[in-house]
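The letters A, B, C and D name the chains in turn, as written, and every chain counts its residues from 1.
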Amino acid sequence: MDRPFAITLPVGSSRANHTGSWRVERPVYVDHLPPCNDACPAGENIQRWLYHAESGDYEAAWRILVEENPLPAIMGRVCFHPCESACNRVRVDEAVGINAVERFLGDTALARGWRLPDPGPDSGRRVLVVGAGPAGLSATYHLRRAGHAVTLVEGAARLGGMMRYGIPAYRLPRAVLDAEVERILEMGVEVVLGRSVKDIAAARDEFRADAVFLAVGAQLGRRVSIPAGDSAKMIDAVTFLHQVAEDDPPLLGRHVVVYGGGDTALDAARTARRLGATDATIVYRRNRAKMPAHAEEVEQALGEGVTVRWLSTIERFEGERLLIEKMALNAEGFPEPTGELEELDADALVLALGQDTDLSLLEGSEVHVADGVVPVAESMMTDVPGVFAGGDVAPSDRTATVAVGHGKRAAKGIDAFLGDRSFERPERHPLAAFERLNTWYYADAPRTQRPELERIRRQTNFEEVVGGLTEDNALFEARRCLSCGNCFECDNCFGVCPDNAVIKLGGGDRYEIDYDYCKGCGICVAECPCGAIEMVPERI
Amino acid sequence: MLQQLEGSRAVAETVARCRPEVVCAYPISPQTHIIEAIGAMVKDGRLAPCEFINVESEYAAMSVSIGASAAGARAYTATASQGLLFMIEAVYNAAGLGLPVVMTLANRAIGAPINIWNDHSDAMAVRDAGWIQLFAETNQEAADLHVQAFRLAETLSVPVMVCMDGFILTHAVEAVDLIDQAVVDSFLPPYEPRQVLDPDDPVSIGAMVGPEAFEEVRYLAHLRQLDALELIPSVAEEFAALTGRASGGLLHPYRLDDAETVIVAMGSVLGTIKDAVDARRATGERVGVLGVTTFRPFPVAAVADALAGARRVIVVEKAFSLGMGGVLATDVATASPASGPELATVVAGLGGRPITRRDVEGVLGRSAQGTLPRLSFLNLDEDVVARERARMAASRRSGPFAENVLRDLAAGGANR
Amino acid sequence: MTETRVHFYQVGSFAVGNRLLSDADRTVQASRERTNSLDAGHRACQGCGEALGARYALDAAMRATGGRLVAVNATGCLEVFSTPFPETSWRIAWLHSLFGNAPAVATGVAAAMRAKGRDDVRVVGQAGDGGTVDIGFGALSGMFERHDDVLFICYDNEGYMNTGVQRSAATPPTARTATSEAVGADPGNVFGQGKDLPRIAMAHDIPYVATATVADLHDLERKVERAMTFRGARYLHVLVPCPLGWGAASADTVRLARLAAESGFFPVFEAEHGVVTGVRRIRRRVGVEEYLRPQRRFAHLFAGEGRPDLVARLQLIADANVERYGLAPEEE
Amino acid sequence: MFQVRIHGRGGQGVVTAAELLAVAAFDQGRHAQAFPSFGSERTGAPVVSYCRIDDHEIRTREPIDEPDAVIVQDVTLLHRVDLFGGLAPSGYVLVNSSQPPDGLGLGELVARLPAGHLAGCPATELALAHVGRAVPNVPLLGAFCALTGEVPLDALARALRHRFADEVAERNVAAATAAFGLVHDHEEAHRAPTA
């Protein structure tokens, strides 16, 4: 160097000074489990598919979605989205409309004819799936992906189970159901319709199945004894909806009363309205807050003219007249009879008091049944090796989404069983708690957009006639995702480091800390919007 | 071309021919005429390209010069007295950074008490700053020294201060042969910096240097000063070859051959002293004069050589270090030959007090008689001093002594 | 169904980068090609706001000028921690002269460039608040009034941190420094003193004056870029929290800068030719207490029974800023 | 060497007068040195300037204590400032006045100096008439040329033309010439009896 000694220095020479030695704590990148993923009964990687949807790559998003769930257009309509209840954004403004985006992706896939992934290489093993509801279909899909042959046996005339016979068409258009079911069948499935399996062991032998997945659902409407006159027309909701689904609706008359407080009660009441009932009244013994039905469903039902008599029980049903007793909440919040009676006009009473499973096919088998359901291990296997059970027959919440999740887990359990491997659920990351987020960085929805957004969100959770999201709105909604717990490459850490000690790898490869220079100040951690960096004590 | 013009004007014209690219101006007597004239030349386009900047202080004047020089421009400014002290931090800084700024110092006393007239206190206050300090004897030399100053500064990467006596030279109208532009251009090539702020080849200039290298940096700067001792005479010779004028160099000896008594001095007073020496020589006294042109770096060897034959050396200087004595004299003593001449310091001309030929002859006379003390103050009014001392002894609140002295003088010494 | 264009980009323009934005809309800092004008290996404290601010501003200036930039630095933390011999952290042409003369030195560089016909090369002068509002003030004012072609950036950490946290004319009232100790009836720095340099700069009628913080990178970079569209003297005043001097956690540097702006205690605005042309309105307004509490230099306001009277006076300052510049969030 | 000391007040061109005189002497191939009294005086304050003229190089820098000529640009300075200290026995005195020296109380000087070495000149009036400004310096220089013969009038005229532009130069030359004429005639009148 011919420049003046010490007065003039060549640029960037300080890189020789490794200030990383100052550090007592080091930042490390982590991946935490987003609450939406955590809450999803189907085990969807919601945040990941939203990530792709955010950039408008809907096919990539859909492909990640169907890694877990082959029925997004259906779930985008019927799922009660616990993901949204868990969403951290609730504490910023409102939850991300995950369900609506899922539906958008599902519909887009159907419209563009995207196909599910090809089946895996033939394993030479066969699995008997009993019941073609969401659990059975989900299991079928995942088993095919693993390369196992599937024989799908369904007692009804058509596939879909409760999705077809329990959920009214205004919530789930049959064209959507058919299309998503058909797409699974395209993977190559042996289907046997109209065949009720009576003996599980015999059927296993008959179909030369190496394993069985039992997913017959809960098809029996629960009855209670209500003093009633001979002329009183009573029907359980499951039967009622099933008949409607088969285009053979019973004649209920103009005044229909539905007894119960679950979603099925609402479906029954709303269906009755559509069938011409001038009034459909739900009688429920507790108050609105205690109603097990989902709030949106209640809202929609009320909007359609369904009336609800909360805090009421049915005392007696004599043809055309129903006597109900008013209840009052006691100090503990439980309803107690008041003795106050009231009459209602009623041509028919629909009982929506819950469903039971028909497990007669297990009689004589060694499969253990307890409290009307089949206890299963984590792999969804019953006491009997090779026999798995899921959906409504397994102890769990009885929703289509849970069933889809069961189907997936059972398929993995079966795959492990067939491969003589032990089943292990993948390790779950710690939960990405709201407290880890720096929500400052998330954009507020622009003011001009908010009324529109609210309208859209209203639509998304409404019934079919309202329609799905436009692409722009789906994109907008996807972009509301906070990416809790997982780096989404916002460059904050790269930018806010006073020591240039964050290396940007780019192109989806995120970042690395340059520990040669990182002094451990922790700004990157503090300013990471999604909590994907944490400080750990320096190893000494 | 020989012209009859004011010293400041001669310097301004000469500096302009050195093609400075950035000139800073802040008014302070007695240098102001110089930058006024340059400003006019820039404004009317005679001097171009050149940025003439009216700064808000001398501190800024030197700072702007530092920035300009570091960016590769030839930078010039002028100041005096308080102005130099106000910029002193930047004066040191320019030298420390090795930036070849050239500055005219129109020498003036330093207050308090405020005094606008000539002496050398200002130049002495920055003698350790790392600048080359050249003292002009005449306006001709003042003008010529600026051309040499740019050449020296840029060759060595050391700033150069051309010192000329305020008013006595800056405001004197006398004949000066202004150097031709072509001669300057042949003598002074465009500035090629050793370090420069260039976005295409970025460097950091002005790093913090700790104990591990500071001494080396300072020593390197000292070596550059020693290099200057070699370069200054050769540049002066080259200049003489082009112009026929003996401006610059380390020393100006006058009638030193066989001189037993040598007066050492700097600046314009040398003319008066030469007249006095001639007068004494006419009476047969063996006296001579040694003019010091290059004060920093101090030409120790050359001074020793020049004084080798002297028996008495009298340093007449326009500054002194309070509580010690002569400043130039101290350097001369350091340089004095082994023969050990008798050394006397005469502090003279402070705050513009005239030094006449008669005064100098008086000094020579006292020296010859052996009555010249080692340190004396020329024409000091001992009575005034004694009376103020008495006032101070008599009363605690004797008041400001400068004002007391003025009042005393105005009253014709009756104010006892 | 109404079609609505998407204007919403997840983190919008709050984060440093955003894969959903076009390159042009991302910050300079989001780019792997950024200059890193101040490079790694410097000796600033952990979490130094000034190191951050300097890289932000100079990288933006480098982009705005296509790399034709020279920086002049006053003495201070930034200079000391960036260039201890034999290492420099600068990747740009950089000069340090003295504490109080950076504006004048920058003038000199600009003048040299002009004389050499290098109008493409632009000059940035930079100093801390001491070098700007105190010791460098005369030189800065001179540079302003001459309209020299210099962008001067003050990295304001509200005190003399390099020398061990002493009070400057930019230290806020009640703040404890080594020369305004938190003792006596009026602990910390006194009320009613200090210089509002952005407004003083505006009074010079220079083409551009702006304030910014290290908490809003987009805003800061845009202001540097805007400043570079003007010729003449320009001034940018950047609030850079100092973990050491403020007694704050090193991780809180950006957060404190954000709270300073969101409380209204530090108004973020810009002015052209002496007229305020834009403000960064508060997004989520907070009281000054939220800003002050995490800083030990204000600890005496909250210790024991606290000094709610002094906090209230500080709140009045924030309120006055909100009023003067119209900083209130749109909802208010 | 011929040394001139000029007294006046700030604003009367005292310093310029010395400089013009030096330039005129230089024009004659002589060495000349002009310098002010180095004050920081303001308009109206007493001011002194000096000019040395010689045929050899002038090295000395000391103020002129023993002038060969004293020019008084403002009669109000008379008797207030020591105007004539050190004046050579055969020196010259030129006063800006239309009055005779006796009337100015300079009888002692008249007696001391050789005949014809003391002259008055209504320089202010001449300046007003020719230049339009009450600056007496240039007419006094014209008078100086006539009084001392140290510098010829045409050299002064060239110095004036060097210093001033066009019309201003000519007006000054006219003023100097008029003054020269007045003093010259007066001197002739003095010499006539002795001739």
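Simple rule for what comes next: a contact is a pair of C-beta atoms (placed from the backbone, for glycine too) under 8 Å apart; a residue touches a chain by one contact, two chains touch by 3 or more.
Owing to the predicted nature of the structure, the values given are computational and were not obtained by experimental measurement.
When the interfaces A-B and A-C are ranked by how many C-beta pairs touch across them, A-C comes first.
Per-chain Cα centroids separate chain C from chain D by 66 Å.
Work out the mean CA point of chain A and of chain B, and you get 91 Å between them. If you average the Cα atoms of chain A and of chain C, the two centres end up 49 Å apart.
Per-chain CA centroids place chain A at a distance of 113 Å from chain D.
Shown for chain A are the residues that touch two or more other chains, namely 6, 9-11. Residue positions 97, 202-207, 209, 213 of chain B are each in touch with at least two other chains.
If each chain is drawn as a node and touching chains are joined, the picture fits none of the line, ring, star or complete shapes.
Note for the complex: chain B touches chain C at residues 21-22, 24, 49-51, 53-57, 59-60, 62-73, 75, 89-90, 93, 97, 197-199, 201-210, 212-213. Contact residues on chain D toward chain B in their complex (touch as defined above): 15, 18-19, 22-23, 26-27, 31-36, 38, 40, 58-63, 65. Listed in rising order, the residues of chain C touching chain B in the complex are 67-70, 72-73, 79-80, 82-86, 88, 90-98, 100-101, 104-117, 121, 138-139, 141-142, 145-146, 148. The part of chain A that touches chain B in the complex is made up of residues 2-11. Chain A contributes residues 6, 9-19, 22, 54-55, 440-447, 449, 452, 455, 459, 467, 470, 472-473, 475-476, 479-481, 483, 488-492, 494-496, 498-501, 504, 506, 514, 516-517, 519-523, 525-527, 529 to its touches with chain C in the complex.
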